[in-house]
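Two complexes follow with subunit A in common, the first pairing it with subunit B and the second with subunit C.
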Partner chain A sequence: MFLAGETVRVKDQWPEATGPVHIRTPWYVRGLEGEVVRCLGEFSNPEDLAFARPAEKRPLYHVRFLKGAIWSEAKPDDELLIEIFGHWLEPVGQERP
Partner chain B sequence: MNILETDSERLLTAVRSLLERKGIISTAEVMERMASTDAASSGQGARMVAKAWVDPAYRVRMLEDGTKAAEELGIVMRGMPPLGVLESTPEVHNLVVCTLCSCYPRAVLGYPPFWYKSASFRARAVRDPRELLASEWKTVVPDDVKVRVVDSTADYRWMVLPVRPAGTDGWDEERLAGIVREGDMIGVTVPAV
Partner chain C sequence: MDKETKRAHHDLGGVSKFMCEPVDIEPHGLTAFDREVDALRQMLAAKKLMTVDELRRGIEAIPEAEYHRLSYYRRWIRSIADNLMVHGVITETELRAELEGS
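On to the complex of A and B.
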């Protein structure tokens, strides 16, 4: 579980490269750091649900990213707020897989 | 070509009959869902916004739990994804987009406008929202106001509680609801009188 205010990194993983998947983590934040705003509850993992496989409940977080960290031409303090499942997040400071 | 004789229409009829025959869903439930889908319109969201503007306790409940706040006004939320409400203020302007598909708070705003699903809107909303709003909607967000783009990527649906415009002092809920447009509740426009 992640706490509000915690800095997290979106995993720099690309399962799309290896076969059919259904991923709800946008490409443009993979590998980037953001801040957990709050946990939105637990929801069935869409990556299994989409293929009619048994889908575990996974925590879903609202994560804030500074626009300047994504696009250099953006106004630096504008922000993006994105729903990201916990299994796509890692604590910052941990070695990348 | 007769639209009732297309393959997709036959498939729909077959699936519906099977669902009914196997007791998974009744004809009445299908009709009820069709009626509530058709009844959903931005007028529902506008009623919520107007109430939040005149009733501070309702505003707090709405920001806490949009689904419950909608149900309080008699809006049918059963079977719909949870609704979250984001408040725009003089410091922050919210804009809702779904870059992965077209997630939209249909229960309270109805069907999304056609452009909401366009690749152009979706890409520009996250990358350069200020330019998008200014050039397509003449919505100019001042430099000292932060733009917060809400990419609706998963199980929630998001609507915006916009700032109540000046010049509406003393207005009742019905009159206020009349000035809230669909675009105001996803942040491409702001309410004006």
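On to the complex of A and C.
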């Protein structure tokens, strides 16, 4: 579990390269650092639901990113707030996989 | 941006090629076909034959050229047909016979 205010990194993983998958983590935030704003609750993992497999509940977070880190035309204070499942996040400072 | 080359073709958010194209913000009315596809999706969900997550997975599996050519609800019906065959509700033979017979 992550706490509000914690800095996290979105895993720089590309499972779509190796086979059929369904993932809800957009390409443009992978590998980027953001700040956890809040936990939105636990939801069945859509990566399994999409294949009609039994799906564990996973925590979903609002994560805030500085837009300038993603797109060059952003204004200085622009932010991006999106929902990301906990299993796509890693604490900053940990070894990258 | 080298990350952009690794994205799946349906993962369109912030793709640079769309920065030079105007966004179509005109309202689009639903056709009878669109409504029928949506009704079918709702019925399949109510009967627990297909979830929206499976619908999305099926849409994402449409090959890139076809994905961009098909309308929103045509993508849905492609995915619905795919899901019904995966679950054995209909067979490919039945689907072909129905499409060729009508």
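In this text, the second predicted complex is superposed on the first by the 97 of 97 C-alpha atoms of A that agree within 3 Å, B and C clash if a C-alpha of one lies under 4 Å from a C-alpha of the other, contacts with A are read in each partner's own complex, and residues count from 1 in each chain.
Just so we're on the same page, contacts are C-beta pairs under 8 Å (C-beta built on N, C-alpha and C of every residue); 3 or more make two chains touch, one makes a residue touch a chain.
Treat the numbers as computed from the prediction; the structure is a model and nothing was measured.
Q: Based on the superposed arrangement, let me know which partner A:31 touches: subunit B (first), subunit C (second), both, or neither?
A: Only subunit C; A:31 stays clear of subunit B.
Q: Counting residues of subunit A in contact, which comes out ahead: subunit B or subunit C?
A: Touching more of subunit A: B.
Q: According to the stated criteria, A:14 is in contact with first (subunit B), second (subunit C), both, or neither; which is it?
A: A:14 contacts subunit C only, not subunit B.
Q: Is A:71 contacted by the first partner subunit B, the second partner subunit C, both or neither?
A: In the superposition, A:71 touches subunit B and subunit C alike.
Q: Who does A:43 touch here: subunit B (first), subunit C (second), both, or neither?
A: first
Q: Using the superposition on chain A as set up above, list the residues of subunit A that contact both subunit B and subunit C.
A: Looking at subunit A, the two contact sets intersect at 26, 28, 46, 71.
Q: Which positions of subunit C touch subunit A when the two form their complex?
A: So the residues of subunit C touching subunit A come out as 3-4, 6-8, 11, 13-14, 51, 53-54, 56-57, 60-61, 87.
Q: Could you please specify the touching residues of subunit A with respect to subunit B in the complex?
A: It is residues 24-26, 28, 40-41, 43, 46, 60, 67, 71, 73-75, 77-85 of subunit A that touch subunit B.
Q: If you look only at subunit B, which of its residues touch subunit A in the complex?
A: Its residues touching subunit A are 82, 84, 86, 99-100, 126-130, 143, 146-156.
Q: State the interface residues of subunit A toward subunit C in the complex, per the touch definition above.
A: Residues 14, 16-17, 20, 22, 26-28, 30-31, 46, 49-52, 70-71.
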